[in-house]
Structure formats: structure tokens, C-alpha cells
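Report on the structure given below.
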Amino acid sequence: MATKIIEFEKPKLKNPIFIEGLPGVGNVGRIAAGYIVEELGAKKFAELHSSHFMPFVLLHQSSAVHVLKNEFYYWKAKKKGQRDVIILIGDSQSIDPEGHYEICEEVLKYVSSMGVKDMITLAGLSIGEAPKKPKVIGAVSDPSLVKKYSGVGIDFDAGSRVGTIVGASGLLVGMGKYYDVRGICLLGETVGFPIIPDPKSAEELIRVLTKILSVKIDVSRLDKKVKEMEEFIKKVQNIERQTMAQLTKGTPIGKGEENEKLTYIG
Amino acid sequence: MATKIIEFEKPKLKNPIFIEGLPGVGNVGRIAAGYIVEELGAKKFAELHSSHFMPFVLLHQSSAVHVLKNEFYYWKAKKKGQRDVIILIGDSQSIDPEGHYEICEEVLKYVSSMGVKDMITLAGLSIGEAPKKPKVIGAVSDPSLVKKYSGVGIDFDAGSRVGTIVGASGLLVGMGKYYDVRGICLLGETVGFPIIPDPKSAEELIRVLTKILSVKIDVSRLDKKVKEMEEFIKKVQNIERQTMAQLTKGTPIGKGEENEKLTYIG
Amino acid sequence: MATKIIEFEKPKLKNPIFIEGLPGVGNVGRIAAGYIVEELGAKKFAELHSSHFMPFVLLHQSSAVHVLKNEFYYWKAKKKGQRDVIILIGDSQSIDPEGHYEICEEVLKYVSSMGVKDMITLAGLSIGEAPKKPKVIGAVSDPSLVKKYSGVGIDFDAGSRVGTIVGASGLLVGMGKYYDVRGICLLGETVGFPIIPDPKSAEELIRVLTKILSVKIDVSRLDKKVKEMEEFIKKVQNIERQTMAQLTKGTPIGKGEENEKLTYIG
Amino acid sequence: MATKIIEFEKPKLKNPIFIEGLPGVGNVGRIAAGYIVEELGAKKFAELHSSHFMPFVLLHQSSAVHVLKNEFYYWKAKKKGQRDVIILIGDSQSIDPEGHYEICEEVLKYVSSMGVKDMITLAGLSIGEAPKKPKVIGAVSDPSLVKKYSGVGIDFDAGSRVGTIVGASGLLVGMGKYYDVRGICLLGETVGFPIIPDPKSAEELIRVLTKILSVKIDVSRLDKKVKEMEEFIKKVQNIERQTMAQLTKGTPIGKGEENEKLTYIG
């Protein structure tokens, strides 16, 4: 089935800026983007499904199943100095190399068809120790953008400190210019344990982002929200690793040792 | 070759309900669906083939080869209160993540083209110990369906007990709503040893299913049938694991240590 | 690039029978089919290339490179009782599960477009010990074919002795009926060491085949021919295993320990 | 997204010869081709992107991201005896078997659409020890080309010394004839450590190449250039291996032990 975008509404947006925050190291980008969606009251208008996600569904408390997806939200500028915004959040990134390219291409085609020329992607930068005050590092699609994004608290020492950006946050910015979408990847310093969400790093991303977007966002509820998201995020990632192992070995996963809920069902 | 459906007959069905039972943990869904096909005398009308199945054929006692496939059967309502039924059973599920999505999409497209709006998928839920009386847990595509399917012996505590449903049974229910097909996944509690079929758990699924379908099915022959199926099911799964290992390592499988019949032939 | 067939000549054939012999256990099928091509003086008319083969070229003594391929040959009946023949031989089978299906489908489409209705595939059956006089076991696409192919020295006890046939020889016979091509897979008993070619088993296949085709083939040169083929076949398979390991691990192969010639070149 | 070529300029070339030098053992081909691009002042006119490359971007000192790509350059003949040249260099080759075929096919289609009939591919031949004076070994698409390329210092003993050529350099020459592009693969002897670039071997390739192309290239700056390239090349290959491991295991890479800059960012 490859990758497809299902559109529920066709919002009319004026020169929208595109923001991406999908799961990754410390889930920093996912947390920051998800919090902004909630605080702005952004509205979902499309979903992206892909056969490059894990082949399972999650279960909600209501006994309803949840198929893995990425979701597009929009928010319209309320006052002068603000811009319309499209935000992409989601449960998962591609589980294979090829899928990363395919998904990024579909996303870029879609948002550029909606008039997007600017993009901000959000990710974590694992530094191996818990930073006291996490810095936000910027990586740009064009050297000229360093100037454009100066003065909002971004460190532009990525070139000397960062080797690569793996996955959607990097590829979107790297491939964007071929779709006439330019932008910046904001990397929040984090200790780098893959599953544990890092709200402190996400908070720094939000601080920078609100300056760029000229919006006000109260970060006081962030810790509470992260707690709520944490269980869901952990569940997805735990199962992804287990299912991956199972699919590779060809042996179904039995009852999880550590987690009774992570049961394989065939 | 991807996935394709070969149709032998185009049955005219009225508002049919779709039931899926493919191999999985304890083969609970496969056994239940296969038994219903036999007992109802359902008729095969189409086959699904896929390059996401293992690249081998099985041999029947007659020396005839058997290519891995999923099979669609139909049964027409005999009296008031009953509905036409489409049942999908088969030898195998996809051996790679991408194939699960592809196969489910093809199945959903096909059955919705035949007028399917409701679906019941059958699977096992491994609980790590042999249940005295296996419960049937329900997971729904819509929270509103919990009410619709109450009163037939389904426990709706999936939300708190089940993390994920891997493979077709979950994905069909999860993706179904995008094809306007809504439904429920029935999970029969089972100990969770992958290859050993669990007729007791399958029996509970059948009990629930007959209530939903308003049909009568005598479960007294189930044990005998499971014995007959057992050897075939074991063979497929044993070889799948062996072949997978061989294809991954690039070394042909020699004579199986445990099973003289499971010989690699190139 | 997937799989494609390059046609050099469009032979006009009358009700041709299709014979397949690709590499496998003991290379029994490959040797038998290759020898028949030579002895009959069959003419090459098409090649099959596939991105499911290993991504390397072999080098001939002339310093010319050799891209991995399967080759179609034809031979026209010389006298009454004989039939036109299409023979498929080659360097390699698919290295991934999906490719087996794709390649078999392309082959079946192609030969059925040339009027093929009957097919004989050739393979080895590893039995774990060197057979004194290798038997030829038959597996058929239809139980009714057992009778058709009786009386030429084929044992039809495959159903009780053989679990599966992995790869092209099995899939072609299994999928053939969906293309209106019916046939038999002839399995020559062999010890089952993957790389060492087994001319004795191949000889038995040839014996059976010449009876079916009503042709005379002198098997006295077989040992000599196998010696000539042996080095080439070993080279391909050794390198396939090495390259597979390299591609999987992401580490280029250095100088082969056992074989100076099997050098990786990037 | 598969593989696509993005064209910036459509150069008008007269009977151009095509030269390929992508990363591989000792990066010999990549270094030689890259140096020639610089020394000739060849001009970039197209890029090849592929979902068969690793799904990450690299970071330049300027904080600008760099998406992995192959690049096409052209150079126009300046005087009699010279020919127009197309050169392909790049950051990466395919990371999976299938991608090698796909990329080579796209390259061959593209250059043959520009009138290319002749091709020279450049690679390293690992010999397990540091050669005093690296020889240049030739492997040809046609035995008749041995004569054409004699007298410029190429050893044509590839047939007895070389088993296979893995990747683009081999496949291009092997598949080329099906696109009416014939040519030679020049293999520079090198010790064969995968990541360490070997400028001495590259120098020998350049020497042979300049004779074939009738151009003058000063190799005195080669060592310096290799030093400059070395860090970038190492970075790509180190990360490729790490990311591959991560993507296969499903565990994000933490802080690199040996290299602080090779940090995973999700």
C-alpha cells in the first residue's frame, strides 16, 4: 500500500509555515509539536498512513483499535505578525530506510501543494549526559537561513557538533529545497535514552518556536501532558522493538516478561 | 507480483458480514473460521496470492503441490435473522511488515466492493498460562460498537489488558473504517505457544460467533478436525521458520534434524 | 528495475513443453538442464534479468564481465513423437522471498504467451546421505498428472516424503495452473550439500527427461561437463553468501580467506 | 520514492564518454573521479537521489544539511583528440541489493539518452597487502575492448585474478551492453581496508584515465585533496554502518563511543 495521505478537510491557508515533530530520541520533537497542537487548539485535517509503519494496531482504554499514523493539523493566524501553521505529529516513523524517503517525499509534495515555503522540523540531539539547560541547535537547508533565524536563542554550532540527522527531521529539511520548501531543523539537547521522553528539552524547543511563530504558549502544563503521553509512547516503542524482533526471527512474541500488556496476538 | 485476488465466481450477496481467521497465536482464529466454513458448507469463490508469503509450495499426499494462499468463502443466509457471510481463511500471513498492510488493503478493497460494511476478525490472545475457560475479548473499530456487540459473551476489557494486535486481525479492523467497513476483533484467550493449535479457545470464539450470526454449529467434531489440521499447520509454520532462517543466512536448509519431511529442495 | 525479459529472437514453436533447471541443492536441476541444452544444441532466444539477483558481475577468463541472468533456449522437434522445447537455465535464483514470486510470475507469463501448456521443473531433493542409485521423485500440479507421467521411472511418493519445494521449481508448478500451464517437478535425490554439484543425481533426471521428451542424450560426457561448470557454480554461490553477509552487515568484504579470487571490489 | 534524477541543465554534448567513480574499497574510484572533476573544472548538471541511500542528512560546517546524492558533471573537449566527458561521483552507493540494479539502470538510461556509447568505471581491487606500485586491472563489457584499451598501462589479467565486481562499477559495465553502452572497469589495486582512502591507487587510475581521455592532470595536489575528502568520506561510512545497525535492531544509536560527532538524532 506504500504511503498515502487521507484528507478530511481542505483548509484554506495563507503562506503557511510547516512544523514537524515525530517520535525520535527523547521524543523531544514529538512532545514539543504535540503540546503546541493542544495549546493552540490546532485542528486535524489529514492523516498519513504507511506500510512502512509497524503492522499492528494499538488498543485504547475504550477497547477501540488505533492504527499507527501521522496527523496533519492546521492553525490560523489570530493577529498581525503571526502566520498560518501546519503541524505534523504522529505515532511512528518508518521502520525501514526506504520508507523514510518515501514518507518525507509524500509529506513535502502535500504541504507544498498547500503553499508551504517554510518549514521547521523538531528533533532531539543526544549528548550522552543530562544537560542542565538544554540548548537548541539549528541546522538549515541553506546557509543564508542562519541569519534569518538568529536572535531567538538558537545555537548555530551544528556544523561542528552534529554529524548527521537520521529520519524525517533531517530528510525533510534536506529534501525540501527540491520542492521549494526551505527551513530549519531545531535540535533540543537531551541525554539520549531512546524511550524516556525529555520534557525539559522539549520545553526549550517550544520556547524558540513560540518566538518564531509569535504565539504565546504556557509551558506550565507540559510535565503533566508528558506524563499522559509517556505511557502511550513507551508502549508503541516497546512493541515496535519486540515486533521487529519477532518479524525478523519469524517467532511470534509470547507474553512480555516485563510488561503484561504487551501481548502478541495473531 | 505483490498481492492479487483471483476470483472464480462472483456471488451475489446481500449486505454480507465479513469474517477473517488466518494463522496466528494458537491458530485460534484459523481453527474457528475453518471449522465454520466446513460446518456451514460455505463455498470458495476467490483466492488471494501474495509475494509476501514464503516462496515455497507444500506437498499433499497425492504428490500434488499446494501454493500458499488465503481463500474467500461465502454462505447465504438460510432464514430470517441470518445474514450472508464472507469468510477468509488461509495458510499464511505476510512474512514482512509491509506485506501485512498490502494484503489487508487488498482484502478491504475487495470485500467492500462486494458490499461489506461489517467485519469480525478472529485471533488468539496469549496469556502465558492455559486458561480454564478461555474468555473472548473484543476490540472494536469504534467505541460505539461495544454496545452493539454486548450480550453475546464478549469481555470488553481489551483496553486495559491488550497492548497491540499484530497482523491481519488487528490491521483489518484498524484500517477498515477508511473503507467504510466497521467491526470487531474477537480474541480468544490461549496459553500462547505459537505452533500448538488451541481448540478450546477456538470453541469459545465459535460460540460467540454463532450467536452473532444466528447460526447453529455443532462443536463436537472440533477436536477431531483440529487433529486433522494440526499436522498441516505445524508443517507450514515449521518450514516458514526454517526457510526464513535459510533465506536470511543465504545457506540452503539441509535435512531437518527433527523432521525428515521438511527437506529443502532447490 | 524489478525483473525483465530481454528477447533476442521470437521463435515460432508448436505446442512447446517448458523445462526449468536453475541452481539449487546439489545443483541437480541446473546441471541436468544445462547438459540437455548443450547436447540438443538448443538456441538461446531470451534473457531474464532481475534486481532480485546479487548486485555483482562475474569475470570471465577473457576479462569480460558477466551479469547474472537466467537464459531461455529453444529446440525444435526433429521427428515424430518429439515436441518443441523451451529450456530455462541460469546463474542464480532470487535472493529474497518476494523475488521468487516475481520471477516465477514473469517466466510463466512469458512462456504461456509462447503457447506453453506443459512444464517440467528440475530440482534436487536432499536426503542427508549419498544415495547409491538416486531416485527421481515427482510432484505434480494436478493429481491427474501422476498417471500421465507414469512408466518413465518416476517415484510418486513425494506426498509422504517431501514437505516443501522451495524456490522456482516448486513455485512454477504451484503457480502454473493459474496461467493454464500444468506440469511436474522432478526431484533427484542427492546428499544435500548445497554447493557441491551432484552429477549422478542429474544423470537420473536426464534419463527420465529423455524418455518424456523422446530424445536421445549421451550422458557419458556429463562428468566432464560438471567439472567445467563446477568452478563457475561454486564461485557464484560462494560470493553470493559472502556478498549477502557484507550487504547485511554493511561491511565490505576484504580478501577472502579461502579463495584469493573472491575479492570484493567497490 | 525509488530513484530519481534531477536535472539542472541540459548540456549539449558530442559523443560523450561516461566516467563513474562512487565510494567503494579504498574509495579509489571516488577519489580519482572527484579529483578529475576538480582539475578539469567540470560542471555539475544533474543529481541522482535514491531511497536506497541511508535515510539521513549530513551537516556541513555552515550548519547546512546535505542530503546524500550522486552528482553528474560534464566537461567539453578543448582540443582535437579529446572528447566530451560526463562524470558521476557521489556520497553513497545503494545500501540494499535491489537498489544497486535500480540505480545503475537509471544512470544507464539517463546517460544513453545523452548519447553515451562508451563508459569507464573506476573502482578499487583489494589485494590484502599494500601494493608497492598499484597496478590498474581492466575488466571489459566485450572481449574485443581489450585491444581498444591496450597500450595505456592496463593489465588485462582480471579474468584470472578477479572473481567479481560488486556494486555500481561492475553492474554498469555488465548491464551497459543492453543499453548500447560499452566500456571498461578500471580497478586500482589497493590494500582493501574499506574506509581508509588510498590516494596512491587513485593516482594510478588517474594516470591511465588521462591517457585515454588525452587530458593533462597534475596529480601533485592529490594527497592534499584526499586529506580534505577523508574526513567527509569516513563520516558517511561510519554513520552508514551505525545507522544500518540501528535500523536493523530497531534501537536508536546513542552517543558514538569513538566519535562524538556521530550522534543519532531522531
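Note that the chains are named A, B, C and D in the order they appear, and that numbering of residues resets to 1 at the start of each chain.
What we mean here is this: contacts are C-beta pairs under 8 Å (C-beta built on N, C-alpha and C of every residue); 3 or more make two chains touch, one makes a residue touch a chain.
Source: prediction; values computed, not measured.
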Both-way neighbours, i.e. chains that touch subunit D and touch subunit A: none
Angle of the C-alpha superposing rotation, subunit A to subunit B, to the nearest 5 degrees: 90
At the interface of subunit C with subunit D, does the proportion of residue numbers present on both copies reach over half, so same, or stay under half, so different? different
Let me spell it out: compute each chain's centre from its C-alpha atoms, then which one is farthest from subunit B's centre? D
Gap in Å, rounded to a whole number, between the CA centres of subunit D and subunit C: 35
Approximate Å spacing (C-alpha centroids) for the pair subunit B, subunit D: 50
Among all residues of subunit D, those touching at least two other chains are 95-96
Could you tell me which shape the graph of touching chains takes: line, ring, star, complete or other? ring
Taking all chains into account, which pairs touch? A-B, A-D, B-C, C-D
In their shared complex, subunit C is touched by residues of subunit B numbered 1, 6, 49-67, 95-96, 235, 239, 243, 246-247, 249-256, 259-266
Mind pulling up the subunit B residues that touch subunit A in the complex? 23-26, 29, 93-98, 100-102, 105, 123-128, 138-143, 146, 156-167, 169-171, 173-175, 178, 185, 187, 192-194, 240-241, 244-245, 248
